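Labels run A, B, C, D and E following the written order; every chain starts at residue 1.
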Amino acid sequence: MGHLDLSTASGMTLALLPEVMLSAWAFALTLYAGVRHRDAVDQRRAGLIALAGLVATLIVVIWMWAADVRSVGLPFMMALDAFRWATSVVFLLGAILTVLLSFSYVDRERLWAPEYYVLLLLATVGMMFMGSGLDLIVIFLGLELMSVAVYVLAGINRRSPFAAEAALKYFLLGAFASGFFLYGIALIYGATGTTNLTLIDYQLRSLGLGTNLMLLIGAAMLLVGFGFKIAAVPFHMWAPDVYDGAPTPVTAFMAAAVKAAGFAALVRVLLHALSGALPAWQNIVWWLAVLTILVGNLIAIAQRQMKRMLAYSSIAHAGYLLAAVASGNALGAGAFLFYALAYTLMTIGAFAVVAMAGHNGERDLLIDDLTGLARRRPWLAIGTAIFMLSLLGFPGTAGFMGKWFILQSILQAREHALAVVLVAGSVLSAGYYLPVVMVMFMKPPVSETAHEQVAARGAGRLVVAVTAICVLLFGVWPNPALDLARSGGHDLASSPQAPVSSTSGAER
Amino acid sequence: MLLGPALAVSAILFSIGVAGVLLRRNAIIIFMCVELMLNAVNLTFIALAQQLGPEGQVFVFFVMAVAAAEAAVGLAIIIAIYRHRQTLDLQYINLLRG
Amino acid sequence: MTQFVFWTLSGVAILGALLCITGRNPVMSALSLVLTLFALAGIYVLFDAHFIAVMQIIVYAGAIMVLFLFVIMLLNVGRPDAGSDVKGKVGKFWAGFLGAALIAEMAAMWRLLPGESFRLPAGTLAGLTAQRGAVGLIAEPLFRAYLVPFEITSVLLLAAVVGAVVLAKRKL
Amino acid sequence: MPAIVEWVWLVVMLPFGGFLANGWISFFRPNDKRAVSIIGVGVLAGAFLVAVAVVLGAARETVEAAPAVFTYWSWMPVGTLQVDVAFQVDHLSSVMLLVVTGVGALIHVFSVGYMRADPGYARYFAYLNLFVFFMLVLVLGASFPVMFVGWEGVGLCSYLLIGFWFSEKANADAGKKAFIMNRIGDFGFLVAMFMIYRSIGSLSFQNVFEQAPTAFAVGGSAITWITLALFLGCAGKSAQIPLYTWLPDAMAGPTPVSALIHAATMVTAGVYLVARTNVLFAMAPISSAVVAGVGALTALFAATIAVKQWDIKKVLAYSTVSQLGYMFLGVGIGAYTAGMFHLVTHAFFKALLFLGSGSVIHVLHHAYHETHRHDDAQDMRNMGGLVRFMPWTAGVMWIATLAIAGIPGLSGFFSKDEILAATFARGGEAPFFYLLWVIGTIAALLTAFYMTRLMIYTFHGSNRTGEKECDHLHEAPWIMTGPLVVLAAGTVLAGALNLPEILPAHGWLEHWLEPVTELGTRYLPEASLAPGTEWALLGLATAVAAVGIIGAWRLLHPEALVPAREAPPETGLGKLLYRKYYVDEIYDAAVVRPLVWLSEKVLWREIDQGVIDGAGVTGVTRLARWLGHLGTWFQNGYVGRYVLWFVVAVILVVWEIRR
Amino acid sequence: MSGLLSSIGYQYWVLDALILIPVAGGAVALVGPEVSGKRTALVVTLLEFVVSLGLWWAFDPATAGMQFEVSHAWIPSWGVTYHVGVDGISLFLVLLTTLTMPLAVLGSYTYIKSYERPYYALLLVLTSGMLGVFIAQDLFVFYVFWEIMLIPMYFIIGVWGGERRLYAALKFFIYTFVGSLLMLVAILTIYLLVGQSTGRYSFEYQHLLNNIWLTGRWGIWLFGAFFLAFAIKVPMFPFHTWLPDAHVEAPTAGSVILAGILLKMGTYGFLRFALPLFPGVALSPAVSTAIVVLSVIGIIYGALVAMVQPDFKKLIAYSSVSHLGFVMLGIWALTLQSVQGAIVIMINHGISTGALFFLSGMIYERRHTRAIAAFGGIARVVPAFAAILTFVSLSSIGLPGTNGFIGEFLVLLGSFGTQPAATIVATTGIIFAAAYLLWAIQRILFNPLDQPENEKIPDLSVRELIVLAPLLACIVWIGVYPAPILRRTEASAQALVNQVRGPQRLPIVPGAPER
């Protein structure tokens, strides 16, 4: 297929194919949900439809990636590069795993609203726009689309006061952060006269706007907005509460895909559009990374609840990803892509375990409740151990390769202090990942009947198995994913030469 | 040439919105303050649009759509929380913490 | 004249905003916000954004704020005996301090202007409005260059609708 | 040329084979005492015969030639360090070879009787054989490291045999003390080896002795430190001040062990080492003076303690320490032959004394055993008048006593006098040596005194053992008295080995050892005595011995003694001597206790558990946890608070980016 | 023999086989029936030992370089190669590992009573991990193996350990993890520095070694990172406090492996990586003095603290601190004798301390206590045990004629040439060694038999004797005839000394960061 001329309708449609396709699927599912929303069977069918849509979209994305679709002509709203495909794959993967995870969870919690899956699909569409948008407004709208859907998903369990509170907190703070984000867009628009990322980059470099106050404040506001979405310290404070209150599959989705989407847009904006102002934002990202790593890991140590612990752990991991961003180089973008994939796998796997083990209200699932799990459910315990070790960054797992990649990018940028902070964070994280392994394997179950009801059934079992195997696989043989991630990162940072003629996408 | 003053007024309005969010405890009023922030940004867009072309106005259009969407969802969430807690005072909404 | 109108409207907007955040009664706050929105609509006109000004009044002041008021009424949070939700002294201090700090940091905006190279000559937008009409000015980029975002908006609204319904409907 | 000397390996391996065989028996057929006796004694007898053949062969073949070195395999080949497992047969080692195997064989025979009733009979002989093996390695080793194998090996056997009856805490303690004291000495030996290697690049005796004259300056600091370190080793092994305290404790072992290890052979290894490395010591006059001084002091010091001991073996133990001091005095002043000569004679009479006391103890123990009393079989206050029951033992022990006291004609007279004469001869050089001579003479007086005391209290006067016990007192069996007689013969005759110059047929040993000692004597000043002086000294020595013996007869009253259980505690000077000047207590208070306290209370509890683990590891963990909990305090669930921090962060971010 | 081996292409597959056999065996043990887990493990480890034994003959003592090299591309985009090889320094550590493992399995036969399959599977995986550390010739591979063996050990301590096993396991893990992560940063930094200066980005050890010469601030920091990782593992004072806990809580086989092999990784790391990569730093007066002083402190401190331990296993653990201090002194004195001595002590410590741990485990199985005070006088009851314990203790305190003497003697002799003062202080360690071990065995074996529980304990069984026999044989063999070992290590040790002491090259000057 090669190159698409985006000035033609067909070219444009093709460029948007995955998003269009998934949106259409979501519409269809809405219709289905409107008609059939009575019982568990409908619910499951809706889930299957959503799953089919996600898989189909994934296939399309992979197909377009393999065909190396590129655009010719003027810069467009949507990027056509490996970074987009890579991020789309991560989001879709996250969504697919979430759907799989949801089947039994929704059943168990009697969340009989097929709209759940609609919103999941719509949120995924929003993420894909965030990963692919080449214009701040697309990124903003993608972000809002995702956010609106996820606000609702967080509170979808209407019987739960926790879920409602989670949704409210997430919503209020999210909207608040959106205001900053939007302000950032406005200021950058004012400083450069455009919102197209390629053109911003061009203007920034050609006009030497690296120290322009309006641009800098705009960049700062953008960072704040992104910082909220990715739960970077000190914009993270919503995350533990919301992750805690939301239904576990949604939490997994938030921790993995939503965060990855925020990062995808952040990486694209910073490395593509604002690389000319690198010295200005690098320092801030550096500090955010350091704070996020340390605070996330430290507070996680103090947690007793599994879900909150994972929430803080996901904050810490945002710190690692921010460290990759702080390196500000192509390697960092590649490291982000690889780590995002690894992180999605291991985090969803870990939450899947929480969803399964927390049969009587996963909010109350303490780490100590897993005591002796290995004696009753050895495979589940082994899976959990794999996720914990991968999150810890232990060799043989994808998490290790990802961390190695990130460190490589950081050190390439000579940020040795940051590297040390990162490894210090990893050490701290041993303080809360290992106890999980410890209680599961090294203590006897508290009673004869403990863990009787813990069961990995059907799709949930599939999620744990697949994620665990993938985590190990990428930990031993990361080459394909690694090469793709590198090329994705490379694509992003070495942006094509900006066109000289146009200053704005619109005609005058 | 009112661009500078407009940007300044916009910044002031935005800051007032932020201050409002800090000042209030009622979820719905906080949400209104957020709307105020959005409107402040809109003013920036509009003021810039006069100098940079109509795209700025298009953005405002999108922002309005977003605001509408957020309002719909946000108010639904507020209703949902009210059903559970019979209050919108955030002081009393902290089951989740730690 | 324009200056005077701008400053008057700005004053009204700021006043409305202050009333909104300090008003004891949610209804009062909402109405103050509506005042601000109206004033902003007036300022929009000054900046040659006639269509947006109208939208501001119809959509924002009209639809959205009514929705707010409706919810306030529905939940009966605006009743006189509800008490103030304004925070105490410490909260006020922080709100004032941080708001002022934010304003101070962005006060430099006053002097900021977009770069000469891509700034339109004065009066261009007014001319375009005259040429294409207030709606045409928006419609042209909206349905050409910004078609994709426009479509995303539609999806966004769908999501909002679905979401609102899911959350608000009586029976799950 | 398949010379007989090459059979020297057999001398070494016979006792080792005995060790293996007896060790095997001790595990699998512990009651087969007959086999043990045959093997244990047989290998020693065999070794002695082969040793005699080897020495005769060596005497015939290599009288004037370089020492015969037999290399078996390469032990530690590391770059320039080439240590081979090699034995060296020369004039010096052959003397030791004969003493070790000869006296050793006799003591083995004695042990057959002495240990007959012990359940650990096989184990005992295994250890004893192993000891002889290591002792032979020590004397035959052709390099410092190989010698060190024997050096530490004998220490090990000493440890095992002192603690042979390990169920008594005191015995086990004594063994441990011996080992650790020896280790302190070994530390010196090791350091000396390191220094030698650093200077010369080799550790074999041949290379070292050949190159020493060119590698070191006479009296230089390198050679002085090397020899001082070596002497530390000797002090540990040979129980000199300040490391002598283990030897009296070592009497906890079976008495034949004391005879073999702690009188005749092992403890003399230090003397042997100095004699072996005479060239090094001769090049370091200061060290030599230290050796002589320490030797003399030890001789006196130990002799004073011996005067007031009640335990018969303790008396002999301090006597041994004292006599070793003489030997060091000899080798310290450069009279290497005299030192070795005293070593040989001492081996005979001290072994004899120990074995004799062993007989006494054996008999007393037996008697107490028969009457079920639990009195101390070693306390002289429980003896007395034993000459009536054990005439043979008393007789041979008198011979030995007179020998050690220095009665002319007996071996001890000649060897001790030679040392004192040589010391006196060097007095012309520095008055220091006169001082040493005086000390030595006083010690000789005390020696005569305490040995006579021992004999009087043990064999004469009335019997204090007990009424009923008297019936069970009798002469030890022939297998025990036999070796005594042989040793007594040695005691009488050994003096002929090296008669003083004023007598005919003098200096045979001197001549024999000349190839070895001439290396060192080159560096020493020529010192000789006029025959008249020598006669005078001989006369003086005789007089001193006589005064000591007669003084003891006159001063001591065995009739006044009461059995140990009824004896009043000592007072005054007597107590000081009886308690050995409290040296053990001082060591305990000054070294052992502080060290244990430091290790437990400071290093372990404070530094390890307190600082490193507590403040360090646990502290960091606590800090992390505390910070984590602090973090959760921020996370208090209030949206307002979250917004507050959010806005603060926004302001900081904007501030930062505007900079 | 070597002709026979080369006729079957031994040198081409041996290292791969050594890594793969235990992993495969571990899988078999894990899925097989519960009862046959230990047998499978025993067969596999014995097979492993037999396979590795060929190295003894196939190894060419004249070559200083790597032998049996195997290299496969792993992660080409990062320049990671699965590259393994053996030289004189690693040869005996490999053999020590393969020798220890069957004994560890056999020694666990009755000690481990629960979850046998995973236990033996973990032991087998651990084997691969440890061997990997010793043979890796690529720093990435090295790091992966270095970390990966933490996990089996963590589980072995944590699941099958004593009462405070959780604490000990966590402490062990985190301690090691702390050090190794900084090393990771250092490895990456070296990789990038060398990559930038040569244009070839590769983790291959030879490549990095040939192209790095760092001094000054960079050198100090990078060396410090390696130092921390290795010093914790050794463990050097004051990074040693994980060791007593881990040793005490681990099951017997775990302690044996910890002491016998894992600790050697630290000293091996110093020999293989820290010293050759940063000779300029390592030999600078400040660093070298500091390390030598720490080593000597470790020797004395370990011995003194060992002396007052009430728990026999803890005593052995602290004695390890002391012994490893000798190794560090030998490495840092950097003479041929001291380095070879260090290698020999590494082997010896594995054998002697391994045997001591086996013995402590055997007595623990009988009495379920390790407190020294709980025993006394048992030499009469269990003569074989007593004899072997005494013998092994003597080897541990370096009695000439046993293996312990060879190592300590060579180290001290060699070190005296370059570090005389430190050596003299270190030599006093032999006195303290005698003090703590003899005191301990006196309190266990000798003294009156005053506790009735001790009167009926059975002596060593045939299985236990089989476990100990190879170790005892090694003690004597190395003590009497160590020349074959010394000859095989000499070329590599000499090459190391020459390389580190060799002429200095121009330092890399780290330039501007790359974006």
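The working rule: a contact is a pair of C-beta atoms (placed from the backbone, for glycine too) under 8 Å apart; a residue touches a chain by one contact, two chains touch by 3 or more.
This is a predicted model, so every value here is computed, not measured.
Engineer: Under the touch criterion given at the top, what is the topological distance in steps from subunit D to subunit E?
Structural biologist: The least step count works out to 1.
Engineer: Farthest chain from subunit D, going by mean C-alpha coordinates, please.
Structural biologist: The most remote chain is C.
Engineer: In terms of C-beta pairs in contact, which of B-D and A-C ranks higher?
Structural biologist: More contacting C-beta pairs are found at A-C.
Engineer: Of the chains shown, whose Cα mean is nearest the mean of all protein Cα atoms?
Structural biologist: The most central chain here turns out to be E.
Engineer: Distance between subunit A and subunit D based on Cα centroids, please, to the nearest Å.
Structural biologist: Each chain's C-alpha centroid was found; their separation is 79 Å.
Engineer: Whole-Å distance, subunit B centre to subunit C centre, using C-alpha means?
Structural biologist: Chain centres of subunit B and subunit C, defined by C-alpha means, are spaced 7 Å apart.
Engineer: Between subunit C and subunit D, tell me the centre distance in angstrom, where each centre is the average of that chain's C-alpha atoms.
Structural biologist: 103
Engineer: Starting from the mean Cα coordinates of subunit A and subunit E, work out the distance between those two points in Å.
Structural biologist: Centre separation, subunit A to subunit E: 43 Å.
Engineer: Send over the residues of subunit B in touch with two or more other chains.
Structural biologist: Residues 7, 14, 17-18, 21-22, 25, 30-31, 48, 52-55, 62, 66, 69-70, 73, 76-78, 80, 90, 93-98.
Engineer: Among the residues of subunit D, which ones contact at least 2 other chains?
Structural biologist: As it turns out, subunit D has residues touching two or more other chains at 632, 635, 637, 639-640, 643-644, 647-648, 650, 654, 658.
Engineer: Which positions in subunit E touch two or more other chains at once?
Structural biologist: In subunit E, no residue touches two or more other chains.
Engineer: Which chains touch, pair by pair?
Structural biologist: A-B, A-C, A-D, A-E, B-C, B-D, C-D, D-E
Engineer: Taking the touch rule as given, give the residues of subunit D at its contact with subunit C in the complex, in rising order.
Structural biologist: Contact set of subunit D toward subunit C: 640, 644, 647-648, 650-651, 654-655, 658.
Engineer: Can you list the residues on subunit B that touch subunit D in the complex?
Structural biologist: My answer: residues 18, 21-22, 25, 30, 90-91, 93-98.
Engineer: Quick one: which bits of subunit A touch subunit E in the complex? Just the residue numbers, please.
Structural biologist: 278, 328-329, 389, 394-396, 400, 404, 407-408, 411-416, 419-420, 423-424, 426-427, 430-431, 434-435, 438, 441-443, 478-479, 482-483, 486
Engineer: Spell out the residues on subunit D that touch subunit A in their complex, using ranges where they run on.
Structural biologist: 621, 624-625, 627-629, 631-632, 634-635, 637, 639, 641-643, 645-646, 648-650, 653-654, 656-658
Engineer: Can you check the complex and tell me which residues of subunit A touch subunit C?
Structural biologist: 12, 16, 23, 26-27, 30, 77-78, 111-113, 115-116, 118-119, 122-123, 125-126, 129, 135, 137-138, 141-142, 144-145, 148-149, 151-152, 155-156, 158, 167, 190-194, 203, 207, 209, 213-214, 217, 503-508
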